[in-house]
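The following pair of complexes shares a single chain, chain A, combined with chain B in the former and chain C in the latter.
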Partner chain A sequence: MSRCSLFSLPVPAGAPQSGPPGRHLGHYPSLPPGYNNTPASQGAAPPMHPPMQTAPSQYPPQPQLYQQVTGASRFSLPLQGNTPEALRVVNLLQERNLLPAGPIPAPTPPLPQDLQKVNCNPEVFRCTLSSIPQTQSLLNKAKLPLGLLLHPFKDLSQLPVVTSSTIVRCRSCRTYINPFVSFLDQRRWKCNLCFRVNDVPEEFMYNPISRSYGEPQKRPEVQNATIEFIAPSEYMLRPPQPAVYLFVLDVSHNAVETGYLNVVCQSLLDNISALPGDTRTKVGFITFDSTIHFYNLQEGLSQPQMLIVSDIEEIFLPTPDSLLVNLNECKELVQDLLKSLPHIFEKTMETQSALGPALQAAFKLLSPTGGRVSVFQTQLPSMGVGALKSREDPNQRASAKHLAPATDFYKKLALDCSGQQVAVDLFLLSAQYCDLASLGCISRYSAGSVYYYPSYHHQHNPAQVERFEKDLKRYLTRKIGFEAVMRIRCTKGLSIHTFHGNFFVRSTDLLSLPNVNPDAGFAVQMSIEENLVDMQVVSFQAALLYTSSKGERRIRVHTLCLPVVNSLTDVFAGADVQAVTGLLASMAVDRSVSASLGDARDAMTNAAIDSLASYRHAALTIQQPGLLAPACLRLFPLYVLALLKQKAFRTGTSTRLDDRVFSMCQLKFQPLVYAMLMIHPTLYRVDDLSDQGALNISERTIPQPRELQLSVEKLCREGAFLMDAGSVRRSCNPSFLTQVLGVPDYAALPQNMYQLPELETAESQRTRAFIGWLREQRPFYPSLHIIRDDSPQKGDFMQNMIEDRTESALSYYEFLLHMQQQISK
Partner chain B sequence: MVLFTMIARVADGLPLAASMQENEQPGRDLQKYQNQAKQLFRKLNEQSPDRCTLEAGDVSFHYLIEHGVCYLTLCEAVYPKKMAFGFLEDLQTEFYDNYGRKVPTVTRPYSFIEFDTYIQKMKKSYIDSRTRRNFGSINTELQDVQRIMVANIEEVLQRGEALSALDTKASNLTSLSKKYRSDAKYLNTRSTYAKVQPHLCF
Partner chain C sequence: MAFTFAAFCYMLALLLTAALIFFAIWHIIAFDELKTDYKNPIDQCNTLNPLVLPEYLIHVFFCVMFFCAAEWLTLGLNMPLLAYHVWRYMTRPVMSGPGLYDPTTIMNADILAYCQKEGWCKLAFYLLSFFYYLYGVYLLFLLCTLSCSGAAVFGAGVQHSWFYTKRAPRTADIH
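This part shows the complex of A and B:
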């Protein structure tokens, strides 16, 4: 039986979909008969499935639900005596409370302690399998994807920086010296990636930290898995470029209507001194509607000069050297422009949008230096090159067509940009269809980012405005690296074959990143080309070479070391369920575009089925009934189901095409931590916050409520709940109303409430402390929606209840039954 | 017209500041010239002439050395030498005032990259024809630029290579002669044994 799987070679488009009809989830008529008999649990009715009622002790009455602890050992099957926790057998059909009380940590690889102590932080660098299988056939047996997930430019609180005239690297594979190399003697070290023996240079014998001689093992390079080097001049093709920021703003009638221009200009005015850079920093502005407007900001002018180019067929720069100006010297002119910009176009009647020519102009302007272009767009581009037509037909949404770009203009331009070290970030603020699938290419291949604010309007959508303001602040002031490249190396025998994220792959394994930002994540897939026999451990190294905003060329190196194992049980024991889910999501996005959404959905479902089937048949010695999973993978079916219900992959006609495409973009370029929040939001009950078990961070008490399952059964009328889904949402209750929300009764609660009043009550302080703490943990500002039980926004809240059944998708329990059926086939 | 400008420490050729090339001209590979400039910095030493023009086809390098810092610019060959050296003198004064004392201690390449802003400003004022007239008077005060040494960049860069080639050849000869010596010794002993052996048999 040939079956659709993500690990096999991509199915060519148009090839018949493989797999029996029963495999296709979401096609209800084709479900096995027994399946449809499960009573539908819709709305707020607590889902009680017949098979589960046989074990009532696991389902205590509602009010005690959230006090229940997951310790869960009393549910585990006492079959395999001395197995590690990761391999504890869990019968998913019986064990309901799978979520741990707090965040799920990455598995710790079974390495000797001295190696693990210096290993790379899993938030920066982690592998889907924290124990690497010895052979490809073993990997194939496990049916789990092998890949790395990286967050290479993450903001770090502590980072050792080394300046030395020679950076010690392997002479044959160019690996940077790292904690996992071995020293044969004082003068020679053996590379851990290609095993070549290298000489230790004289300079390396001296340790600048301890100021001692003759201890190369004590150097910071050999003590830290994450380190940054100040690069010598051999690492520069040209003098380091200055920080250059160009803003390209849509000023058509539609754009002015949304009122976004005020926010952008104000935000820039507020943060202009906080833009990363030095005295060389340059800025420039372009606005566009049916024509392109440039702004001469040259020193000495009394006010900014607007230059209009109406020939959009062949775009040219009116005065090439005064459009991009030194921010320090022309700050006043820039501020003048920012103050007047929103007013210039107040009364515009121009509805057309020549985005393509505006981008060409931006490319021309930046190509001598490189830098960052920030494009703000509010509608479908309608004029000049790159004009697009609406492809979305609301009746055809279910088929999820048009995930691929309509034109290659944006990709080609992005590649030109990449060649000149220019990255394009796209801010899309629109209520209408904008064809993000096509527009997004401009950022994807130039290593930019995409931000999307659907239905942005300054009056009608205040929550969106707040989020936009906060996001802009973060965007403008966060760290940035220019003219960057990243290379990922791994031990001989392993090979990297597919990359995920926003970049352009230059020369097989070199990622070209005109800009790199601290909120960008990457993933790679790997295969095992040669058997890793005789190897105890393998290593992976990611090196990111970039120019800082201060004109310093730097290299950030991360090295990860993992053990090699030769038994299937050990491979399963090391599975990192979040990393697996993250990589699977990226692979499924590719599959949706190259084949079809249905194909991608099947592939994800099969990934869960296959891995658990393989675990059952090959790793378990004693067969027992039920749907069995090792403890480390117990959340895998839940995460896969969550992915199937994600905007990116869900079926049905409710998902707009742009929303779907944006969700796909996010899954591909967000670092794993943030992607996981999106995939599986966390739900807390917040009307009974207490200081018990609270965290204490710099004299603030942060309550730590436990995470609840995403099911309506966890909600109740008298509770108030907080859902952390990237944007924080909450639903509501009574004593809570007066103490925290500051309203006398439920009826007085307004429909649209986006902030918590600052009350002097203990409850209010606790709640605000907790929400504040959640917000601090992520770079972008999640907006807070206070949702009443009868509010129209309740739908958004309920959509995230992924364990419940919806019109077009299975409940968690139904999904488990489906899996079990497939496995026991 | 000035194409690019670089400033480096003479002692070790460490680049200190540079001006990014602008208005990239079609058909001219500035990268090649930048590499030549970097090689040149490595060749320079105490004995190098402190003012020199190096021709490279339709462009010329001009450099001057002052206080252990080399100021180099690449210009079109037709660009007046007088102007080029006037430009370099200006840079030198400004650079020395601002960073002169820090030069010997820095280790990071392009430590003074922020000087780029000043270089660009100067470059612009030298391009501007109106201000050009004003510079005319200053330039006459400069030493007679005609006396500045002119050489070819390829020759200068290869001079070192020829020397190092000679060096390697010489060392090759030494090792060969050593080998000859030891071979000869070995043969000598062997022939001695051969002579002595028959005697021992008796």
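This part shows the complex of A and C:
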């Protein structure tokens, strides 16, 4: 399959027939009018083009560790002598220090060097098994789930963008051309997903970057696994929509009490020019309590005019236009409205909330164009259609019922919104039960996102306030794509059967995403329908077609290539433990909702037990006592235990239902790297930070302390420890109080400290640099809590100590013993 | 009498089973359309959901009829399907209107495969019941015409005894 071995020197076949040279990079000369891309005249290419038969034997024996695995599977030699690092046998009961010093890297698939170099970034596209088993029965024997985890719209620092009049795609399966196709000669290419032979169109032969002709394989589409195309008009069902933002705000008494309205309005005022969009951007506002209030912001009015609709049974729009106005033209009016909105409702005494009718009004307003609705809600909706009842029983918090939605109103509305390209994002800022299980449906099926700030209050909970402010800033200014669809294709023989994430599945592999945002992750589960014989590699392609905020239609294509293996040890060698955990979490969430929480917990434990049992029986030649695992799966029981202790799945400890449901939403929605932080936080010791091994980023020295295991065993009285769990906490028993925290002694340390004072000492600088670096690495703002040893928040910190025993859950060692018992049965 | 209540039951059941076969075929085609991306799930579910309850009610209706006609064997053969319908409707996803199919989950490959299998099995069952009721009607007509004509009484008596032993009390035993 290597392109390099197939080509001789490119033969320039005369002058390029396309336009004059000197065009700027990336732009394509347009097709000469008479050009005809003749189909099917090639007929069926011979199945093995003669040069290709020599390709396998031309692979030089690679010195890399993983190549031995590939070599073994191709030539059916047993693994002798050098066992790759991934298969080193680890006895989990004996080894205590399993965590590597730094972050755990994704496994590298054992592909030839030239393919691996151009392979897709694992942060964007990752598979649970980086070597695909050849048959479904082999996959079943390994007892590991096969799936892909994607983060397609991730903010990338380098993204090649190609503008081309023709986008080269396979004729039968419509795959985009990618680095893993094979060129049979200069003029024909073979699709790597359906194996159909296609013609190379004439203008594809010209490479604009090197201004050369006759080397299609040097073009950017064939050199980059992640690429973005500017789509021509065939990819548009309607002219690209403008960016349309609608804010739906709860202004009941409860809401105004929490003080969120000030934060939202201030944030919007600050970021109004930074909202992604162009000159056509539109905004609108709706506020609601027991009635719905619209705002007429027509240009020419001296101040915004509020229109109240109190008939919530049959909601209608009071004026046909000027409720959604062009931002550039009416900016002053919008700013006036934002400044006056908190004051209008300061004294309100309305306690009811008509969220359902407000959402219907929002849908009516946005259905002509599509766009994004941001809903801020602080209590259970109590009036109108979609009213919900409180169904949480405080005595039942240790177990979990009512994880499924109570009504399908929000789901149906979400599907209607999805059809009109409207996405709804939900911000839930409430202290009481809000039935997130039902409300969350509005975001889940319309590709929105759910944000949850329990017990939000501007005075009592400043940590939440800070988090809300920073999250809101990111939410308003981050990149966005509208009216998007995503299709995931795989090589013939593999098929996708279940999808996880926030979207609507329009057909067997087409996901409808009214909005796509850079913080959304997706997962799919696959099965092997036909045996993958005669294939050395398989490929997966995710293509996201969206309208950018500037009104351009673009296609972002990611392609991943993985080898095929046919021995069980090779399958285990390629297991990606973090991806397996992420997929397992999504599957467990589905199981908890459709069956029960206990079922889901058992299924997770059995996943760990079965895979290790299968390894033991099938792959180990010597039967040793103890719980044996391959090095690549050594963290699997730890992660499964961490999942069992997550808020989403834990039993025996009182967990609020909304917290539990939100945790489940996050497990399904977040990209893998943030989900892993949530599942298994990293613990550092920070009172002895040194510059040894520190990173140097833009003249700041960022110390890199070693990661520790999550056990109280690692904490000690004299140390200060930092836990990075999405929200950064540190437990303080420090002797360096004065230097970093700025207090004279332990007793003076306040109970609730949220900021590190900026002191001049070296330790303070190092600590702040490290925390700043951790914070910069993720889009969500982690709030910092400084916790004393005797503070009530210590319980929160200790909950994350996964390896320890609690009243209702096993410690890590006990869990391992339990697993070993099950395996030896 | 030529038309006993049982004969009437069987004839009605015959007609209604034809309708049920039609529903089963509709389901099979609908799921095939979903699988081949011919239609989108929301529209398809909006067409399929209103048909679910009528199908179940028709089946319940002629089960009740057979109960009234005391056709125990036939009733017994239909009981599993009745129980299955009840279970299926109890475990349906949360939805406000009638129906079994939720557009957000129906595109999952396992649910789609299950519904397709269900469609085929039901089609097979309804076809078999159609022929069974046809046989029943045939028998009843044969018996009626034979008994009316009065000829071959003992010939009819063989079938007579098989057919009527289940229904009529044995007057001979009462005394």
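Just so we're on the same page, the second predicted complex is superposed on the first by the 740 of 825 C-alpha atoms of A that agree within 3 Å, B and C clash if a C-alpha of one lies under 4 Å from a C-alpha of the other, contacts with A are read in each partner's own complex, and residues count from 1 in each chain.
Here is the rule we go by: contacts are C-beta pairs under 8 Å (C-beta built on N, C-alpha and C of every residue); 3 or more make two chains touch, one makes a residue touch a chain.
Bear in mind the structure is a predicted one, so any value in this text is a computation, not a measurement.
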| item | value |
| --- | --- |
| Combined model on chain A where chain B meets chain C, clash or fit | fit |
| Partner chain(s) touched by A:495 [first = chain B, second = chain C, both, neither] | second |
| Contacts of A:321 with chain B and chain C, given as first, second, both or neither | first |
| Partner chain in contact with A:409 - chain B first, chain C second, else both or neither | second |
| First, second, both or neither for A:427, with chain B first and chain C second | neither |
| Partner chain in contact with A:662 - chain B first, chain C second, else both or neither | neither |
| Partner chain in contact with A:510 - chain B first, chain C second, else both or neither | second |
| Chain B versus chain C as contact partner of A:419, first or second or both or neither | second |
| Shortest CA-CA distance between chain B and chain C [superposed frame, angstrom] | 18 |
| Complex interface listing, chain C residues touching chain A | 34-35, 37, 40-42, 93-96, 102-104, 107-110 |
| Residues of chain A touching chain C in the complex | 404-409, 411-412, 415, 419, 445, 495-499, 504-508, 510, 527 |
| In the complex with chain A, residue positions of chain B that touch it | 6, 14-15, 17-24, 31, 34, 38, 107-110, 113-114, 116-117, 124 |
| Complex interface listing, chain A residues touching chain B | 163, 165, 230-233, 236-242, 278-280, 320-321, 326, 328-329, 367-369, 551-553 |
